[in-house]
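Same chain, two partners: chain A is paired with chain B first, then with chain C.
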Partner chain A sequence: MSALRKNAGILCVLVAVCAAAAIFGDNFLTGYNLTNLTQRSALFGILALGAGLVIATGGIDLSIGSVVCLAGIATPWLLVERGWSPWTAVPTVLAGCAGIGLAHGLLVTRLRLQPFLVTLCGLLLYRGIARWMTGDQSQGFQGEFGALRDVALARFDVPGLAGYRLPATVIPLAMLAVAMAFALHRTVWGRWLLATGRNEAAARYSGVPTARLVTLAYVACSTLAGFGGMLFIFDIGSAQPSDFGNFYELYAIAAAVLGGCSLRGGEVSVTGILLGAATLQVLRTAIILVGLSSQLEFAVIGAVLLVGVAADELVRRWAERRRNRAARGG
Partner chain B sequence: MHAGPHVVLRARGLGKRYGGVAALAGVDLELRAGEVHAIVGENGAGKSTLLRILGGVHAPDAGTLELAEGADGPVPVELGGVRAALGAGIALVHQELNLAENLDVAGAIFLGREPARLGVMDRARMRREAAEWMRLVGLDASPDAECGALPIAQRQLVEVARALACQARVLVLDEPTSSLSERETVRLLGILRDLRATGVAIAFVSHHLDEVIDVADRVTVLRDGRTVAHAARGTFDRPALERWMVGRDVARRGARRTREDAPVRLRAHGVRGAHRGGHAVTLEVRAGEVVGIAGLVGAGRTELLEAIAGVAHRGGTVELDGEPLRGDTVRRVRRGVCLVPEDRARNGLLPADAVSTNVSLAWVGRGGARIDRAGERGMVTRVIDRLRVRPADPARRVHSLSGGNQQKTVLGRWTAIEPRVLLLDEPTRGVDVGARAEIHDEVRRLADAGTAVLFASSELEEVLLLADRVVVMHEGRIAGELTAGEATEESIMHLATGGTHAGSRGATA
Partner chain C sequence: MKQAISRAAALLATMALGAAVPAPGGDLVAQQRERIAARKANPKPKCHVAFVSNGVADFWTIAKAGALAAGRKIGCQVTVEFPGGGLGDQKRMLEDLVTKGIDGVSVSPIDPVNQAEVLQLVAERSFLVTNDSDAPKAPRLCYIGMDNYLAGRMCGELAREGLPKGGKVAIFIGRLEQDNAKRRRQGFIDGLLGRPSDATRYDEPSKPIVEAGYEIVGTWTDSFDRAKAKANIEDVMIKHPDLALVTGLFEYNSTLAVEVFRQAGRSGQIKIAAFDEGADVINGIREGTVLGTVVQDPYMYGYESVRVLEALNRGDASVIPADGMLSIPARVIRRDTVDAFWKDLKDKLEAGRSGKARG
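Showing the complex of A and B:
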């Protein structure tokens, strides 16, 4: 009940955007379009879950898009150019991404650098490494590794929904979402992660290992970005190191913020993040279906994010005023 | 009119309320030209509020403020802000210096009033005039030196020079010696004494009665927001000041147990905290004992507690039941060493979260990875009952509770895990009388169950009510120790203001 109320806002937005796209655009309610939308929402949803974890600690990860690029480029590069087997390539790439997250976390917690700066440097660094590593050449699977790519490409028929085919990426997304929701709300680590985001000092004074939890959030975020990057490249087959994953961190952060994660930390809703990710993808599609110029895409997303952040701020002030009034009254 | 010393500033019946709390309730003050005037009082007596009113930061709710106009007698004024106060000739030197650290000395002295010719700063004139003011205050530095690079004592003199350069007639200093070494203190007091010749009225707040006795021509004593005494040099001494500052009867508890047979639970040996003095402190607390740390603000109580709790530990050893205690708060809380911090909003509470989340924050770490939600609910209900948190609603957001109930929530977090050592920093600050008694009861109950309790309090009354034994700190050191029988407001205040230990042992000075 309270989860529904908390996500009611973003749910209304999603329904409204869908309705507008269905009414004013052609082909929105086709099985093909909806299948595509599900696929894209699932992929960005995985990135957004990671972003949500970092945001819950009061941090930010701007390097998600570049990690997507590095992982997505490195996977076919290792398999095709280097001839590695998938059994070594995939774990290596994921471990590398976890290492990136570990570096972010340690820089933030031990050196006390600002998350914004650390991950901004990461954004530049990993993109540069991906381009240098591949000689800035497009990387692809060249028609091979079909079984591996099926992780992202497989589709399942859904009885009763003609033309709609459920993408396989929904399975890892669902597993990750359930695991994250359970970890956040049912385990000590989740409770402490949220407490750290709410008030780091109070958590630390209470014996909460705040540094370890924050580091863990960055590790999870980068690992999910790496996993997402693999699924993206499985999906599209080949990509350019110079533009693959560009701005994906912003879609991820925007999805988390729209889904009710406060950039102040301490607040996160897994359901909200998934709804936020879906909303952004529907928006992108709707812009095209409704006949607006696709050049407006960033402007629309920017405006939506701005409204989200402004709402966050206004709600906070309103709550503070109410708190002050309550304090004066009592 | 002109007979006797010239009165520059006169305050009558000043009152000021913050929310429901009266910070000032009738303060009279008279500052005369060419005098050094000390304002003394316990923590919370209203000194800071008085200074803020004089500096134009706050307007008083009641009473009048009069300032001399030229050679005439004082006429009523209203200070509508900091600039207005400065314009009227009142300069306030804050305890935390607020110099622009990147400016040079000359620039800082003339900040906002830079001499200029055709809009271009006249650097030569600035430097020349700055040098004169610097000589007047005995500041031995180059006018080009960067303020940030000067030691604190010299930065303070820059502020004094700046105040004089503003043509101040009243110079007010808030605890000017609190961050100075002994030699720097002697020097500054000498300079204040010399400045009398300029005809400026100098007022300063101090916790060091020796300084007050040393330099003050007259003293105003505040207690509980009121002026309780005015005295001129020669009519006050240390015992008189202590009596005026404290001067009220305190409800004393009955006989207190000594715990000499109980095992030593907490032993701090040569512990250094983040206190700027960095003195090593050694003390012991036995199981079931409640030890109070008294002392004035800045005496190093918070730093000592935080060092033991593992928040900011800068050396020395801490032992728990004879075993060394190391590491950060994570490891120390796991071993049952818990701190109720001084600033509960900043370091204690998750204000936007429910009471239950706040209370169970440490408790959940004692179980498995998965939170036992039924167990959590039961525990939170028991803690709420035991501490009488009102309203008794586990889902209530903490920020909507009163200060007393917020503090009970922080204490309840430790009640929930039955600590072996409980450290409390100002356990009842901003807490009403009823909640205060309930918090004291809970601390007692925990001690009776074997917890070693060490608490710091600025309120002598609280120290006397709660402590089995009192440790008095002064400037980062332990100035002395008093048993419950020996401890009186006078004997504590004597040690806390730098009195010698010998005097305190014979009960009162």
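Showing the complex of A and C:
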């Protein structure tokens, strides 16, 4: 099944949701709204890219939201409470998140623990650490570190698009997406990673260093979650360790699955993941702009996800049947 | 003999009080009062009481400072618990405190109606008072806090003052399940629209209200997800480009409104009537982009909770007000009072933080 068709599917869903929001909602197609949507899609997109990588290996990472919390809380905590400079705080936090990913990878590949279990424990552990470390106090930049926060808050004018201002978060997202697409589809390591996801035993017997690849996927996922957490806190300004990033892993996983990643592993589409992340954010906004009760938010997202995934599966079967028939005919 | 007489007298007094004020929760309130009377003859030498918040926030750190200060002054042991995981977490903490044999609990119930059982459990085994958000139907001995309806009204009147000619108004609040949130929101609406006071009135959150020149376009909740709370304000601003005023009825809602308008370059254009004392709100008041803020006195919630619970353990029922409400009124902070208020607050917060280890 081609990645193109997969992307066409999710693109149709995104376009349909946007069209519905534009028709039934107020001011959907304004520069300010599109700027906001780009920002939110970029933030969740970064998390979803990491989730997609782990899903491609046939694993799962449930700790994304807690890593978002730990990194997002640790950054202002180190800067404001501990007086670190951004040049030491940011690399330290990212290295810490990479370390978390390394631990997940090693536990999954060396100790052969279930990814679900390892990352579920991580989900509890990292939030607990964030709460303990800060004494449950909300952490914020207290009006300082404006230049650092501009990594997420800066906006650029786009010629020809009045009112729309491209958020700076799109730059790291684009760089990460291009790097990931290149690595997955143009390097032998990427092919090996997908082969590992499809059939780990077969890949291992063919000489693929599966353990190293799986570990690398977890390292990338946690690092991206940490980086995303930092951007989230730059965007919001302050956060509470007890609830910051709650359920964000589910948004990331949903975006990846909606974007064509199979939870069985071996399938990933970077473009699809980005479209999936955008679809979820457009849906959330559409609910307000259309004037639906915000209590319906989860129900609407759940329903659209289910319809999207079911339609995808039906199209896949239909295509397969056609292919088989054509093969028999030929 | 003397003991029996005093017990009978206390029982009579309880019955008399019970007749005067039909106490909700019925028997359990009477049972607690019996136990208070029993304590009079047999006071607990060094009691251990607990203060349980409804979540985690700087607001509660200040309350903690008050609770610990009272504990030190009176000489009783104080445990402070902040449930970070919502309703389930709070229930577990209350159950554990009861298991531990706690002598009194002051709690801010997250969802009083659906927490009836655990609140009854506390009342059966210990003394129950509520703080910050009341549970009027639970067997609590009293409520310590402000009247959220009146505080909401103060915020509504502040908004009315800043927007005398009317306009579009949006309300943002963490969640609406808890009693204080509902009352605060209703108070805001009634204050803004200049309606007569009636705390039992209830306007459906899903319906816009057009009245007295104002249009309240809606109430948006976020379940404490700040990214969602921020998105709500941005989205409502898009849906209603002519929005004239917003109110954030929980601390971070107001703080995020300041942040969103700053980022959108609309600071001062859309007015903010705030609640609580987020740092950005305080700066906004100084700069003139926030009309003012309604603040509670969480320090006194903590302090009074411990004082009342300790007195009950000595058999002193006189600390329970006749109407069951120990009122700690809210205040409106404007530009002229903001600096003095902020300094006092910082000192109390510091006291709460340094008391962390002892908590």
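By definition in this document, the second predicted complex is superposed on the first by the 299 of 330 C-alpha atoms of A that agree within 3 Å, B and C clash if a C-alpha of one lies under 4 Å from a C-alpha of the other, contacts with A are read in each partner's own complex, and residues count from 1 in each chain.
Criterion: a residue touches a chain if its C-beta (ideal position, glycine included) is under 8 Å from a C-beta of that chain, and two chains touch if they have at least 3 such contacts.
Treat the numbers as computed from the prediction; the structure is a model and nothing was measured.
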Contacts of A:69 with chain B and chain C, given as first, second, both or neither: neither
A:205 touches, of chain B and chain C: first, second, both or neither? first
Contacts of A:168 with chain B and chain C, given as first, second, both or neither: neither
Superposition-derived comparison: chain B or chain C, residues of chain A touched: C
Partner chain(s) touched by A:192 [first = chain B, second = chain C, both, neither]: first
Touched partner set for A:266, first chain B, second chain C, both or neither: first
Residue numbers on chain B that touch chain A, as the complex places them: 19, 309, 311, 328-330, 332-334, 338-339, 341, 346-353, 357, 361-362, 364-365, 367-371, 373, 399-402, 413
Chain A residues touching chain C - in the complex, by the definition given at the top: 25-28, 30, 32-33, 36, 40, 43, 131, 135-138, 140, 142-143, 153, 232, 235-244, 246-247, 284-285, 288-289, 291, 293-294
Chain A residues within the chain B interface of the complex: 186-189, 191-192, 195, 198-199, 201-209, 266, 319, 323, 326-328, 330
Residue ranges of chain C in contact with chain A within the complex: 55-58, 61, 82, 84-85, 206, 220-221, 224-228, 230-232, 234-241, 252, 255-256, 259, 263-264, 279-280, 283, 353, 356
